[in-house]
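Scrolling down, you'll hit the structures one after another.
Across the two complexes that follow, chain A remains constant while its partner is chain B and subsequently chain C.
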Partner chain A sequence: MRRTATAPAHVDKARKKDLRFGLMLAAPAVFIVLLLLGYPMGYAFYMSFQQWNDKLGMDHPFTGLSNYTDLISDPQFHGAMARTAYFSVITVLGGVALAVAIALLLNREFKGRTIARVLLLVPWAVPPVVNGIMWKLIFDGTSGILNGLLKSMGLIKDNVQWLADPSTAMNILIFAEMWKLLPFLCLLMLAALQGITENLHKAASIDGAGAWNKFWRIILPNIRGPLMFALIVQSMWSLKVFDTIYVLTGGSGGPAEGTTTINFLAYLTNFSNLDRGYGSAMAVTIMVLVLLVTAFWILLFGRLNRSKGDIND
Partner chain B sequence: MTKSRRISRHVKRRMTAIACSILVLLVMLFFLAPFVWMIIYSIYPSQVLQGGIPDLSAANLTAGAYARLFSDTSFLVPMGNSAIVGISTTLICMTVGSACAYAIARFRFRGRQTLLMSMMTVQAIPVIVLAVPLFILLRSVGLYDQLFGLILTYTAFILPLVIWMMVGFFEDLPPSLERAARIDGCSRFQIMYKIAFPLAAPGMAATAILAFITSWSDFFLAKVLTSSNAVTLPVKTAAFQGLFAMDYTSAATAGVITAVPVLILTLIAQKWIIRGLTEGAVKG
Partner chain C sequence: MAEIKLINVAKTYGKGRKAKNAVHDLSYTIDDGTFVSLLGPSGCGKSTTLNMIAGLEDISAGEILIDGHRVDDLEPDKRDLAFVFQDYALYPHMSVFENIAFGLRMRKVPKAEIHTRVTDAARRLDIEHVLSNRPRALSGGQRQRVALARAIARRPAVFLFDEPLSNLDALLRDQTRSELKMLHAELGATSVYVTHDQEEAMTLSDKIAVMSRGKLEQFGTPFEVYHQPATEFVASFVGKPRMNLFTAAKLASGHYGLSGTHFTVDVPAVQAPEMRIGLRPEECDLRVPSSGEAAHGTVRTVEPLGNVSDVILDVGANQFLSRVPGFGTFQPGDEVVIDTQRARVHCFDIKTGLRI
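On to the complex of A and B.
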């Protein structure tokens, strides 16, 4: 510490006391997080190197990387990966793009703007399980409202079992998740849009920029930070979607594994098949994927930042 | 010529405004209608609702499903569990988390930046990674399917969020008051809980609400770490809908009951929640 050379003795003493007090305050939280997040995370790695199946017996022989090499050749895992990719690309890219569009719409001057923003919190606040039940009440084949409405409009004659077809079920899952995730992304984008100063808009208009130009040249470059944040957060959420799948499909991830994403497969492997070693390897893989996707967004935006200077920087 | 062009521009602007208003209405309809439909489902008998346009006259209204659930101990116990777990988790998180956040915001000890960043990073760990080890850990110490086990787990998961938000609120406080208090001879502890905490009270309340909502809404961990004794409301609610059979009215009613406390809390703290949710992103 260079400061100690110049600071008088009592200041130095106070600083040391500060330090001790600060550490004392932080200690309990650090202890809880290390014990209940840090330790289990290390343990998950440890488990993923073992053959640990509670159906097979109590001993867990160390098998090195074999759980991971099994993943590479497991068609069930491949299927889950493909479905996760499909789900994530649509919910992340589609979700963020839609959120920007809705935010632009809600950022205009109109009566009830404040109320609209508050109401946006409703889907955000609805617990995910309830979200699943809500859409089940709409899409269910026997008594869902959708069939009733379509029939009364004469568009269909017999009930359609929406959730019985694997790919339709997946698309319904995406739709239901969008409902829940969009409001948060919208609020984020709205806050970002409000960060762009009125002057910037005016200057652009004076320079004769049309709406299209203004969007690409002024708005988008100036919400890059929040945009990156939204993409990262949504990627994390999309990779760990669970509750809605569970409720929409009665805990099965069906029909015919049609909605079984990697996170859901890891759950089934761990808690239905009790194959905890293999399941841990899947879980660790998901974590690595989260890290990779996050790194991807950061690198991509880092590049954008270097190649394009913007006015606010 | 110029006049007609001006009029046409005016008309165009009006048209855009009207189109936008219609779009806003459609968007809001999309966001609200499914939830309203669930409420309708919970207060009308299911025969009325199935097939075609339902007859929603007041004569058909019934609170039967609510009466049934609120007199059913197998529903009331999970509801109580959720309340106990939510309140306990929130209290512990706020005590332990505010202290840690205050330390990070106010004291320059080595590693405080690392600490703050790691609090951000742990939130990115997928829950599935921790679920199995936590299950094994809790089982081995006899806390599986116990409320206390859930409280401990939620505390660990929600603490980083609380710390992250509270650091922001503490950093926003002007340090002058705390300095003055120190000159007046207050101890560091007194300064914290007599000056800083009351000043940060609105932020604390919002953070507490967010902590409670997170704990109350969780399904995955509760599903994995409980089986009968400590089952929470979301787990119970999800159980109304099995793979083959579903009691729709009960499911809708349980859904409304699960969602309403969260909605009320959200609306109470909406200003702070919006700020808390978006601030980190817009700032950083």
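On to the complex of A and C.
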């Protein structure tokens, strides 16, 4: 312990040199990140405090928090928030639960397991835009494959306008998004499950834990970390969903705003209505929302972690 | 308490032509309250046998009875046994207390009773001070104790151990081994212990089941296994240093010799023209040949261990080991005579490997 206190000068010097070299290596990457992420973020923040509509000319008066207060009473934003909540709750909770279920199945020994695992990854290999186009082709009201299939089976007489009804369009959006996100989540959960040793399962069997207790008391607590990670990243993705909506609805967020989530509304406000100030306020709000949700998951899992450590509970 | 009976138990992996027999036709009885080791090299089927007794693996044929009741179709938790794993298999997300209590909670033992049993088990194994810690905060030896505490808190009729000491360092292993022996003496529960370490098996067991390639080679007391090995495999596997084993040809009735040498052994009442002879190194003395006497072999190396020395000899084309007291007086290159007067001669059939 004393050695550090009386460390020779040349050691200190060498450490400083190392540190400087490390900073030098990291600098270009840090600079690029700041330029591409920090600058636009800062600029959006700056714009959100101004009345900045390109249709109203080049004058940008400072308006303080008025863009934000407008959001609070904007029915369009409320609608988008409700749709985002609906979309996110189903894709995050449903998606992660489904991923855990599929991973549990794939973690068992069965014939053709390797093939099943490879097939699982296929949707992940499809680019998001292609994924959107694929589902659009399937669900299209006039020339869609699904309508053709259902008609040939005699289940429907006339074409169903899947993407023209706001409520079905939202559910199809959720379906297409789940299709895309499941492979990653499954893989994450499968890797986590494989981290649980065979003997732990055996010990639980000997201790008399049935399938239910094994899942809730042994498996779930032991994949807590990856589970938290999955919930956080999926929450971020769901709150910020954009590409699937864009492709599936032809860039409209329709029908009748039926698939316009907050992020899509921010896009429309910014780039269709050219209301940069108001759109930026939305974007900043989304960012804060994402941070809050992330913090929520971390706090929740942190609490779970603590309460399980007590004796005599 | 519990007597475990195996009747023609077999385990086959795979089906049809790919089928592989892991365990063949095991039949023996583990008496109530005894400590029995399953001893053998890796891949001999000892762990499979233990898992089958535990119910962690199905049996392919035969029956397993505990106290006369057939258990081989029961779930592991219905067999009234506890299992100590090689890697301890502690639940990493639970405190030591919860690890020990988990099996009791699953069995709906009342809370007050759980508390008594956990603290009692912890006191026996001297881990009371770590009850609120997580397993990862413990040393290897402490984790081992937690695993043992988890087993004894359940108060099962049968304890099963799967190489529980092999993850400990040598010193701790010896210490834990004697504690295990005392624990068994105290609790008196039937115990089945899998190990590849013959020393562990000898020191702990009332009886040893020696296995090789899925077959039972011998089921006997440590004395029997050591002094009357039933097969050549048992003879070669049990005993440290290893028994000298060589093929000897009949010279005259009851008189066999190692071909190409002057080394001979007297074996009464055996008629086979050739057989395998086994001699324990510590029972073979060495001496300098007296005048006119032909030497049996030449000293190759001497390995002093302090209290004894292992002398390795070239005897014809074979190597022969003799354990002599102290540091010995032999040097490499010395010609010596092997004195087998006080040695117990073990004879095995050359084809079947069975004791003659």
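The rule we apply is simple: the second predicted complex is superposed on the first by the 302 of 313 C-alpha atoms of A that agree within 3 Å, B and C clash if a C-alpha of one lies under 4 Å from a C-alpha of the other, contacts with A are read in each partner's own complex, and residues count from 1 in each chain.
As a convention for this text, a residue touches a chain if its C-beta (ideal position, glycine included) is under 8 Å from a C-beta of that chain, and two chains touch if they have at least 3 such contacts.
Since the model is a prediction, treat every value here as computed from it, not as a measurement.
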| item | value |
| --- | --- |
| First, second, both or neither for A:132, with chain B first and chain C second | first |
| Superposition-derived comparison: chain B or chain C, residues of chain A touched | B |
| Partner chain(s) touched by A:239 [first = chain B, second = chain C, both, neither] | first |
| Touching partner for A:247 - first (chain B), second (chain C), both, neither | first |
| Which superposed partner A:271 touches (first chain B, second chain C, both, neither) | first |
| Partner chain(s) touched by A:213 [first = chain B, second = chain C, both, neither] | second |
| Partner chain in contact with A:187 - chain B first, chain C second, else both or neither | first |
| Partner chain(s) touched by A:21 [first = chain B, second = chain C, both, neither] | first |
| Chain C to chain A touching residues, read off their complex | 54-56, 75-77, 81-83, 85-87, 89-95, 97-98, 102-103, 106-107, 115, 131-132, 134, 150, 154 |
| Chain A residues touching chain C - in the complex, by the definition given at the top | 197, 199-200, 202-209, 213, 217-218, 221-222, 224, 308-312 |
| Complex contact set, residues of chain A against chain B | 17-19, 21-26, 28-30, 32-33, 35-41, 43-44, 47, 102, 105-106, 108, 110, 116-130, 132-138, 140, 143, 145, 148-149, 151-152, 179, 182-184, 187-188, 190-192, 195, 225-226, 229-230, 233, 236, 239-240, 242-243, 246-247, 249-252, 263, 266-267, 270-271, 276, 279-280, 282-284, 286-287, 290-291, 294 |
| Complex contacts: residues of chain B adjacent to chain A | 17, 20-21, 23-24, 27-28, 30-32, 34-35, 37-38, 41, 46, 49-54, 96-97, 99-100, 102-104, 106-109, 112, 115, 119, 122, 124-134, 136-137, 152-153, 155-157, 159-160, 163, 188-189, 192, 213, 216-217, 219-220, 223-224, 234, 237-238, 240-244, 246, 248, 251-252, 254-256, 258-259, 262-263, 265-267, 270, 273-274, 277-282, 284 |
